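Pasting the structures in now, so scroll down.
There are two complexes below, and they share chain A, which is joined by chain B in the first and by chain C in the second.
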Partner chain A sequence: MTRYLLKRLAFAALTIFAALTVNFILFRALPGDAVSGLKCRQCTPEFKEAQRAALGLDQSLWQQYVLYLKGLLHGDLGNSWRPPHPTVWSQLWDPIKRTLPMILLGTVFSVVIGVSLGLLAAWRRGSMLDRTATGMSLAAYSMPTQWLALLMVLYLAGWLGLPTSGVKDPDLEIAQLLGDVGWWELFIDQLRHMILPALAIGIVFAGDYAIITRSALVETLSEDYVLTARAKGLSRWTVIRRHALPNAALPIVTLMALSLGTVVGGVLVVEYVFSYSGIGLTVVQAISERDYPVLQGAFLLLTVAVVFANLFADLLYPKLDPRVVLR
Partner chain B sequence: MADPVMRVDDLNVWFEVPGGEVHPVRDVSFELQRGERLGLVGESGCGKTTVMLALMGLLPPNASVSGRVLIDGVDLLERGEVSIREHRWRDVAMVFQGAMNAFNPVRRIGAQLLEPMVFHGVEKGAAAKSRACELLELVGLPATRFESFPHELSGGQRQRAAIAMALACRPKVLLADEPTTALDVIVQAQVLDLLQQLSDDLGLSLLIVTHDLPIVASLCHRSVVMYAGQVAESGAALDLVRNPLHPYTRLLHAATPEIGGSGPIASIPGVPPRLDHPFPGCAFVDRCDVADDACASQQPQLLEIAQGRAVRCLHPEVHQ
Partner chain C sequence: MKKTTRLAGAALALASVLAACGGSDGGSSGGGGSTTTAPGGEGSNTTIGGDVTPTGVLKVGTINGIDSLNPYNYVEASSYNAMLMIFPMLVQYKAGSDEFEGDLASSWEVSADGKEYTFTLNPGTWSDGTPITAADAAWTINTTVKFADDATAVSAGAVSHVVEATAPSADTLVITYDAAVSNVLPQLQTLFILPQHAWEPIVGADGAGLKTYAPQEQLPIVSGGAYTIEKWEKDGTTVFKANTDFYGPKSNVEAIALVLYTNEDALLADLKAGEVDWADEVPIAAATALQAEASVVVEEVPGSQTNNITWNSNPKKKKNRELLDPKVKRAMSMAIDREGLIEVVYGGHAVTVESMVGHISGSWENANLGPLAMDVDAANAALDELGYLAGSDGVRVVPATDDQPEHKMSYEVMVPDSLNFNGKRQFELVADNMKAIGVDLKLLSGGDATAAFAYETGADCDAAAGTGYADFDIAMWDWVGYRDPDFMLSVTTKAQWCSWSDSGYDNPAYDTLYEQQATLIDVAERKKVVDEMQQIIYDDVAYTQLVNMNMIHAYRSGWTGFQLDLNGYSKRYYTDVRPAG
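Moving on to the complex of A and B:
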């Protein structure tokens, strides 16, 4: 077990190193840089050169790469290129605090919706209900996230009376500064801002969960032990709850870990539509400004998150299925 | 000994399949006496497993069933799934063909043993657990197997555990569907001994489905030979082997390879008839070695030749 863990950790470090190298190259492969986009009266070529020198862009790619790695080894993600050059970490931390709960809520939505749909479909396999549920899952699966988000802004937000942009009610923010608002109100307000973006992500990914759950359940339901469970006289629901769902948990957990990366892709567009100032919006802004350190920092964190989510899922497997032995 | 614990009357099963209907079980009737071991014999596809599943109402949704299955006079099939559920495992329990997979791999043996007891309210709490451990010991497993996962047991041990699980609710009838198929010969013999011993000790009525005639002869009191969904012959198990009346029984027995025997293993030529239409004559006519013109056009009826001895053949092989 310890051996396995060490092996996996070494492999994780290798994966992260490879990913950050690719990121480093990719951003610089884009035409133009942080300075070339500047347009102002004093932006003479000399001024731009001076700016490049200040940001270290005049050095060779190789030198920049070595500098970047050196910084990382000291736990330094660098500084944003946007004046007044705050550290990348301080730039990312607040958006992460806003995005993380939103992703979590979205995942809860997608698991609840997806697993229920998949369960219904598998339960009434071949029936009208199955076809409807499977059709809905495929529709959700293939739906563009931003389009769904826009539809929600247009129709759902008004109907539910939920805010369509931002992370906080501005009035409440002022009240908070004055200090006459309770934490409960703030919590509810942030939750209200989170619901629609989370639901957009939840619905789009519910399709994946529904399809995976259905196929896993259909497979387990044809197993001999399910027939045994029915022969014991258990009701259909008990059979599914005790003898099919636990066995279908493995692919669902795998999907949770694997989809983290794609979910962040969805977060990018969803936060844009809802002006939700989370990590997605930060990344979009950093791309438009060619703020390499912030981009590198954000993608590094994402890589670390995905790698460790997968490691965690692998460590969870033996708990879900005693036949799995890690070595 | 006219004290049947289970009576099956005119059991018929049809399967709705694309392009028609298959009729794999045709007017099957038999009785199982209290404490009796009855063998249901036939080759693959003769409908014996379908009979078993029908007895427990476990056929897939495309199946329709007619007939009666009486346990101590109560008809299990009367109200379909609803009426049969309370009888499952309480009155009729089952050891499955694929007993290797009869246990859910992600749950402990003990939990799966407790499940039917608690569900049917036979025992609960600590009493249920101690009964489960007793059952494990009864089938020759250490009680510590309670905490094991199925994959930690060998095939034979798993089959024993499956038998223990089948006994959990003290069923009146135990169905065993090819209980020894996936086991090697030694373990096979041990499991059969166990079944025999249990039915002797507990007075358990046993219905064993198998294609293996010698198993039936050594283990069962009586046996029913099935062919193409019909009862071909029934009678005392030893009688059927020593003095088969139906040509199919005789050929089936002749096809059993003997240890130390030489030469090719005998087989019955031909294939069973298609089951998606009625038979014009005897179902076995194409493969029978004594068939004549009458057999092709005239359906033989199941006739009781002697007490407890019936055969469905126009030319039963009665040797005096």
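Moving on to the complex of A and C:
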């Protein structure tokens, strides 16, 4: 187990190193840089060169790369290139605090909706219910996230009375300035703002969960021990709950870990549609500003999150299925 | 300013751009006359100048966020507008006019030689209780001049040609110029007066502190305008609280919440639902649908944005050098159905325009240019006459010359992705038009504004060395002009290579005229030179102007007092807005 863990940790470190190297090269392949974007009328070529020097852009790519790695080894993600050049960490912390609960809620939505649909489909395999649930799952699975998010903005938000943008009600912002606002009111408001973005992510990824759940359950339900359980006179629901579902959990947990990377991709577009100032919106803005340090920092954190989620899933397998042995 | 650069940092722009903008010098006469304008004297708001009891909260939805409240270091246009609301300025534009009225200044006089401006200031106080004096204004101007090559470069245009500013008394400010300047008031209209006691300690020896200072991170900021900002979020909501001690026309509402939307559809949905009261910029594609909403008022005025075809005009461009010939460009332009574009791409919310100085500049626009009429037969005849005959595939062929081999008239057209209109559809229509004259156009997606500009200038752009603008042929983009034509005229000067120039246009005679117009204080004389410059650009076809877009905004019907033309030009843009009835 220890050897396996060390091996996996080394592999994770290698993956992260490769990802941060690719990110470093990739962002710099974009045309223009942070200074060429500053089309200040009064900015002389000398001024622009001074800006480049201040940002380290006058150094060779190799030098910039070495400096970047040195900084990382000291736990320093660098400073944003956008004035007044705050630390990257300070630029990412607030967005992360907003995105994490939203992703979490979205994952809850997708697991609840997806597993329920998959369960229903497997339970009534071959019936109209199965065909409907499978059809809905496939539709959700193939739906572009941003398109679904836009439909929600246009048709669902008004109907549900939920906000379509931001993370806090402007009325509440003003109320906070003019008087006291309770934490409960703030909490409920923030929850209301994250429901639609989370639902957009939830629905799209629910398709994935539904298909996997159905497939795993159908396979499990054909096992001998399920037949034995039925023969013992257990109800269909009890059979599914006690015997089939726990054994079908392995692919679902795998999917939860694997889908983190895809969820992050979905977050980029969903946050943009809902003006939700999380990590996705920060990345989009950093791209348009050629703010490489912020981009590198954001993608490094996302890479670390995905790599460790996968590692966590690996380590969880033996707990879920004693047949799995880590070597 | 390239409209689409607003997210990419282009617009350190608005300050520097507006520094060069504005109409005539309002009431100031270059001959040494004097003008006195009381603040609020010409306003349309009945509450102006009186005791206002601000009521209600105005929620403004915008697609342009506030990134900084430091006048020397900001990017977004909304930042400029926010600073305009919280900091005093000497003068501001009057509503519906190219003339000026006082903001902090109650009156001003110009010396006989046009080199000295004396301003009398209104009494006012900063938000921390310190009096606003002429010393604050003098310090701001002198500091901006002192570090104009570096730390204060963004605002340097506002103090162009200034020798020094002095404060003989608390309410008297004297600004001395090294020459008579044609657009002093338009320049000063962009200069934010800062509280000396709050800003002087952060300057540092080389002025570096002016660039790194982030007052938005240390709220409440010391301000003296119509509002104070006590809540700011880069990607969220900024709250403007009415300043009840403001020296000028006070706000009609208690507070304004400026809410950032990254998605225009969400903004419009919230406007319809009453979640926001005002959308300060409505996309053209949504305007018609929004007009059907009973509870929403949609207004449009001739806008400042002109959309064009940009021709690479660098005489040293490497390939397809026939595109340097104005006859070729003129013939191709004659094939374009601009009325069709207005109908299909802009839904009727645009008009034709001929000069690079668009309709926003009013009488500064040369009315004698064009009009460029669609005439496919004449276009074909012109290209035939040049010897560019159609090949077997219908595409014309340019015969070999000393500087290039024989080749087809087939060109890539760069269209940026980050446009506020359907640029791809516009390209398709223009490409269809061009087929009729045997010219093949291919779409090249330009990416965001920074990438698109980098494509135009080339990676090796160096104005001093004369390199850059070597590879691209044609682009379809836009410009946002201003009331004073100075900025738009500047973008085709050699001095703007690698900075604002998107065409690589290089004409020393034109550059000389540009310098000349900047110091002609007689409006008629300046107009003559400005007209001549527009004629040169038109004749050389550095641009083919396609349309002048309308500026559209929308608000809930329970509100009134909106003055769309004052966006970025006056505090009244916010202060005059009030609940209807």
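The working rule: the second predicted complex is superposed on the first by the 323 of 327 C-alpha atoms of A that agree within 3 Å, B and C clash if a C-alpha of one lies under 4 Å from a C-alpha of the other, contacts with A are read in each partner's own complex, and residues count from 1 in each chain.
To be clear about the criterion, a residue touches a chain if its C-beta (ideal position, glycine included) is under 8 Å from a C-beta of that chain, and two chains touch if they have at least 3 such contacts.
Computed from a predicted model, the values in this text were never measured in an experiment.
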Fit or clash between chain C and chain B when superposed on chain A: fit
Which partner does A:234 reach: the first (chain B), the second (chain C), both, or neither? first
Between chain B and chain C, whom does A:287 touch in the aligned arrangement: first, second, both, or neither? second
Looking at the overlay, does A:11 come into contact with chain B only (first), chain C only (second), both, or neither? neither
Which partner does A:247 reach: the first (chain B), the second (chain C), both, or neither? first
Which angle, to the nearest 10 degrees, do you get at the Cα centre of chain A between the Cα centres of chain B and chain C? 150
So in the superposed three-chain picture, is A:93 touching just chain B, just chain C, both, or none of them (first/second/both/neither)? neither
Given the superposition on chain A, which partner contacts more residues in chain A: chain B or chain C? C
Chain B versus chain C - smallest C-alpha distance in the overlay, whole Å: 48
For the chain A and chain C complex, residues of the former touching the latter: 30-34, 36-47, 50, 82-86, 95, 150, 153-154, 157-158, 163-168, 170-171, 173-174, 176-178, 272-275, 277, 281-282, 284-285, 287-290
Chain A partner, complex, touching residues on chain B are 56, 58, 85-90, 93-94, 96-98, 100-107, 115-116, 119-120, 149, 151, 165
Chain A partner, complex, touching residues on chain C are 1-2, 5, 7-13, 16-17, 19-20, 57, 59, 67-68, 70, 73-75, 148-150, 153-154, 156-157, 211-214, 217, 230-231, 233-237, 239, 241, 255, 257, 259-263, 265-267, 269-270, 272-273, 275-276, 418, 447-451, 453-455, 457, 459, 462-464, 487, 490, 496, 498-500
Touching residues of chain A toward chain B in the complex: what are they? 223-225, 227-235, 238, 242-243, 246-247, 320-323
